[in-house]
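Shared between the two complexes below is chain A, which has chain B as its partner in the first and chain C in the second.
Up next, the complex of A and B:
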């Protein structure tokens, strides 16, 4: 961007008293902000290129650095925000579609924060999870409407159950492809999922040979580009997910630029080196619910009906009717991704403006499937920015079977939400393929951190449930009686199917 | 093994086939096939099918090396995301033939429908080849990322043997067309050239296989009757974004 138009977004402050000219910042910043001048024997910084990822700040051994957002980078104007002005300068200069990474950061309402949970007082005793059993085991897959048993004294289940995914905690790692994130990050997610007893998701990145040993804790995706998809891939996994849409960019395809298609990625996706990996916007064999059914059953036939087959859709208008169609098409689980869902790269306009909040989508879908008497035919997995255990509990009370976390998992591995994933220069070694940067993420440490995160959420979920007097996640599911709204209009309360606080 | 498909649901038919394959059966003759879907889905090398009747949608989906002969027409979605194998159709085939196909070969005696060869790709040794005897509908080879599509126009159709939006979004592979194709039929990403000696060698070998399968004379096909469509760039959208 020409310097006469705009100034830096961030200002770097180096405390000369503390700086020992060790050059750590020079080595750590892939954006080449810090530079060592050999003649002067001093480190200088060029704030212009800083993306605010705080890598240098975190690694400076003497805490000499701080990075601050420039407060008055443009004359203040509530309508023409600095971001709006910057975007125009950028497009006027380069003439392209604005790209960004991570989920929608706009100050739109987060409805989880407007729902509060219940707790037992007097009439219904609460339960202490430390001393009493508390069941979080969750099964994803179609459930029968009734069970038939055979035999008298030792009854045997006669009803044939469809394939199920068994989750020790109702949280899974969301779709993140090898390609959008580094091999170390993908491996850490797969290993952590298998350690905890949950699942990670390959996205459209294929199943890397190094990750195959963890395939029984992997959900593999079939997206419109069909990258890396063959019969072995489908049969290796625990479940298959057909990707129709993604919360960060509903309605548009994906595009891994050729420069990111390295030898390893080309082998995993089974595409030529260096060409663009283009995922068309729709699946060109799916133009209707009937077509969706056809692909679901093509996968079921190929996996001999041994794996649950799910469908992932973005939360958009009429989501209830769409989800109902997916269930009727034979999906064993439906994953709904809300408009705050993260991504490695998305056009800014789409990410910030398309889709609806997951809270409303979930409430509408759960209610609709119940009304139609088909709620048991598929499990509901929700995604789109679950930040903490309370968000998960609220989602389950609203009707979800499990949640997907993507951004949360990356943050656990060190992501600082700089939103620059699309540049491929992630200083935290996550959203990059540059070997110099990917080495920064030690998979052993990342696994431990991911496991810690899920373990702590597991405990928090139990604690919240215990407080409500509920000892099994089954009894929490769709139990909207345990939710109350604050600061919501009647329409909003109705749409969420919950009462107002105080009622 | 001979299976009479009459009265069987596709699931029963495919179950019988899969069980037999697991037990080591390698040759199948399927009679009275009538719209049974997913025949050959995911089946690997060494197994062959002779199908009498009209197989249903998604024949050979995700197929991994098996060989199929259809002694009649085939429906939509033949060879969906096929990895390897060979399919010979002694008739016409419907829409979305070879969608996202990564390897193997499809030979169709007659015509094919819309959206064929979409996102057909190649990888390493695998190089999908699709030969259409007469004509193909719109969107042929859309988003094509690799492999080879040949339209032979055996009936010497007046006008063009392909429809509109041919090769839109193409970023790899080539499409050989015998006969006329106008600029307005092609996607913006496509370039056209005459068939040179090198390309003709490859094409000739494929035509020979095709003619062998249907007992036709390869002598009637000449390089100068074909054009080759190829993508301008393997990065058609490289300059789309502002960073």
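Up next, the complex of A and C:
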């Protein structure tokens, strides 16, 4: 019996007519798929090592390369899929936890695709956003139930609003730590957020000195490892987010291997050079909701109540009760990360099987907070795979104040979703610390692409809202009348709080 | 009946609205407003018309005048049992009507003059709160009964038909009021139902509305936070409750209440001075759920006050005029000139800008 049963997942085809033996592919592939044989003067490819990231395909100057997924490599079986068999071979050979990167790729229902949006006809004129105002400005943070005024002819506002984040577009860049992604990628996210007037999130990677100039457009995270956290860090940012959970791996901590902890990362995370950065599964000072309250208020005290403090949780069962607890504990915003949310590294079993869809989590949380009369006490930010402007509009109509995008932003910077972030050999220079690879991501170009992405989404959101006859995003938020379900059961429609198409 | 309450769509369509107020408090008969609304016959389609009148019950101005409709005698009995249990009924009588060739299928129309004693178990609730609760309870719980209005010294008269016919049917020329507001309906998707006609009313708020609120879905959820159950699936109901919430419960002055419902655009806010800007930003941040989006023009009545108000891009018409003590607000200038041929001034208010008619200093109506 051969020692290795795992077979190549991809097949590389090189068109000999087109290949000019220029060796670009050899230099570009960190997985060492392509090799130049000096004796024969020819480039060869070893499909076994290919991860399907398409770097070589994209950069081949003569379009000589193509990479295809291997088909029919196993006898067909609806139960024992090639992936299931491959996983077993891998584990039988290596005896370890299966690792992966990015969000859940399984063919589970995407409920955004089962919701359709409304538009005006006749009785209510649609609005052309190119000619009329169309307002997306969004404030995140706790709001009072009502405003109080001092009387008289010239009423004066008495109520003081707590700290708010001002978003020009209701989309923010999700938590991606410096460490899981490269410095250039982190910098590009921060710069793009500041150019567009939204926010990027440090994740638990700390705030690198080079990114500090953009801190007023950054949300800093306090996660279970407390990497890079000190009073300066908290006060530098626009807001602070306590990370309780992550959609890709609810209930699981994180682990940045020591070989990635370079001098820069060591300084930014405030940990010794070359040591593993381990984020425990729970915060070791949060074993219940009252402990969370203490941490929220410790941060509020440290920031003198000048920064909104949010809590990020993964979408799991009883999410409504959990979110309600976080709001009552004092969170100014709650970020909920659905089960399709991305990650730099997660155990495959966890990523593919733990958590619930963000659509249901959002619907349940928004409804519950309203029932309890505390919806205005915190803003709702949702994450977990927003792929396009329509997903964002649907989320806002369902009840979100804003969306976080992580994977979408990485894709804008060139990510091809090969799901190998955890290897540190990202050929696109995003999820790696190898200086040879990180140089590939030009921050200026990445910023332009990220800004373009948000600008185009902003246009599309306005166009959709105009069609609905709505000219301010606050009239879209939680306005489930503009959503209709298609191909959903009664239970699903009820859970989402929407009507069926045609009703 | 239950099916009517759960109409799957909100009220949509075009409409005519008109309102006349005498700011001296002098009362005048209902034939004037009927003439005004008749002039806009083309703007409605015979599926609904109605009126609200203020100052019509001066001899009972301490009592809440509840105008009700019942589809069945059982509904009337159930409602009366509830009224006996919860309120003191001073007088119960049919609302006077006359047979009218254009009006048919009318429900049982009755009015009750009531007071509600303080609830010792819930001392924080005033009589207004208890009346609102009773109003909501009848609409939500009593099968086939519906409250047209329940305010002091005012009442709503409405039904299925053209508004001028409805006005004659209710013999409005026999009532004297210092504010009259009227509505002709052109619904596009709901069948005619007497309760679905305008005005919509809560306490002494009465609203006539031309337009469609595209933010309805969130407005009703926002109001639910404060205990308002939108049972009618019409957007006009939302406006009535919103006025009650912002002005009565939250105590916002009229201008601020209107700027919550039809706020200035951010680019206008940016040009304001610092203090104004902080106020405007706070209102938009806090009262986002109260913003009424989509095309609308409304006339709102309440004791001693008539308000005209449109959406922030003014997608529905509204014209105003003054003549002596009288303020006119209407969908069309012609509807004003037909009852007041030579007004002192006629003007078109800006989008979102409220127009206010108020009783002159010292004038008492209740």
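Here is the rule we go by: the second predicted complex is superposed on the first by the 493 of 503 C-alpha atoms of A that agree within 3 Å, B and C clash if a C-alpha of one lies under 4 Å from a C-alpha of the other, contacts with A are read in each partner's own complex, and residues count from 1 in each chain.
The working rule: a contact is a pair of C-beta atoms (placed from the backbone, for glycine too) under 8 Å apart; a residue touches a chain by one contact, two chains touch by 3 or more.
Not measured: the values here are computed from a predicted model.
Once the two complexes are overlaid through chain A, chain B and chain C fit side by side, free of any clash as defined at the top of the document. In the superposition on chain A, A:478 makes contact with chain C only, not with chain B.
Residue contacts after overlaying the shared chain place A:120 against chain C, while chain B stays out of touching range. Of the two partner chains placed by superposition, A:107 touches none, neither chain B nor chain C. By the touch criterion stated above, A:278 is placed in contact with chain B alone, chain C being left untouched. By the touch criterion defined above, A:16 reaches neither chain B nor chain C. Of the two partner chains, neither chain B nor chain C is touched by A:41. Using the contact criterion defined above for the overlaid structures, shared-chain residue A:61 touches neither chain B nor chain C, since it reaches no partner.
Look at A:255: by the touch rule set out above, it reaches chain B but stays clear of chain C. The gap separating chain B from chain C at its narrowest, counted between C-alpha atoms of the superposed chains, is 25 angstrom. Across the superposed pair, chain B and chain C touch chain A at no common residue. Note for the complex: chain A touches chain C at residues 120, 122-125, 127, 132-133, 135, 137, 139, 143-144, 146-149, 155-157, 159, 161, 164, 370, 373, 375-376, 397, 468-472, 474-482, 499, 503. Contacts from chain B toward chain A in the complex involve residues 11, 14, 18, 37-38, 41-42, 44, 57-58, 61-64, 77, 80-81, 83, 96, 99-100, 102, 115, 118-119, 121-124, 126, 139, 142-143, 145-146, 169, 171-172, 234-243. If you check the complex, the residues on chain A that touch chain B are 90-91, 93-99, 222, 224-226, 229-232, 234-235, 255, 257-258, 266, 270-272, 274-276, 278, 280, 284-285, 294-295, 297-299, 301-304, 422-423.
For chain C in complex with chain A, the touching residues are 8, 10, 12-14, 188, 211-212, 214-218, 221-222, 224-225, 249-253, 256, 263, 265-267, 275, 278-279, 281-289, 291-295, 312-313, 315.
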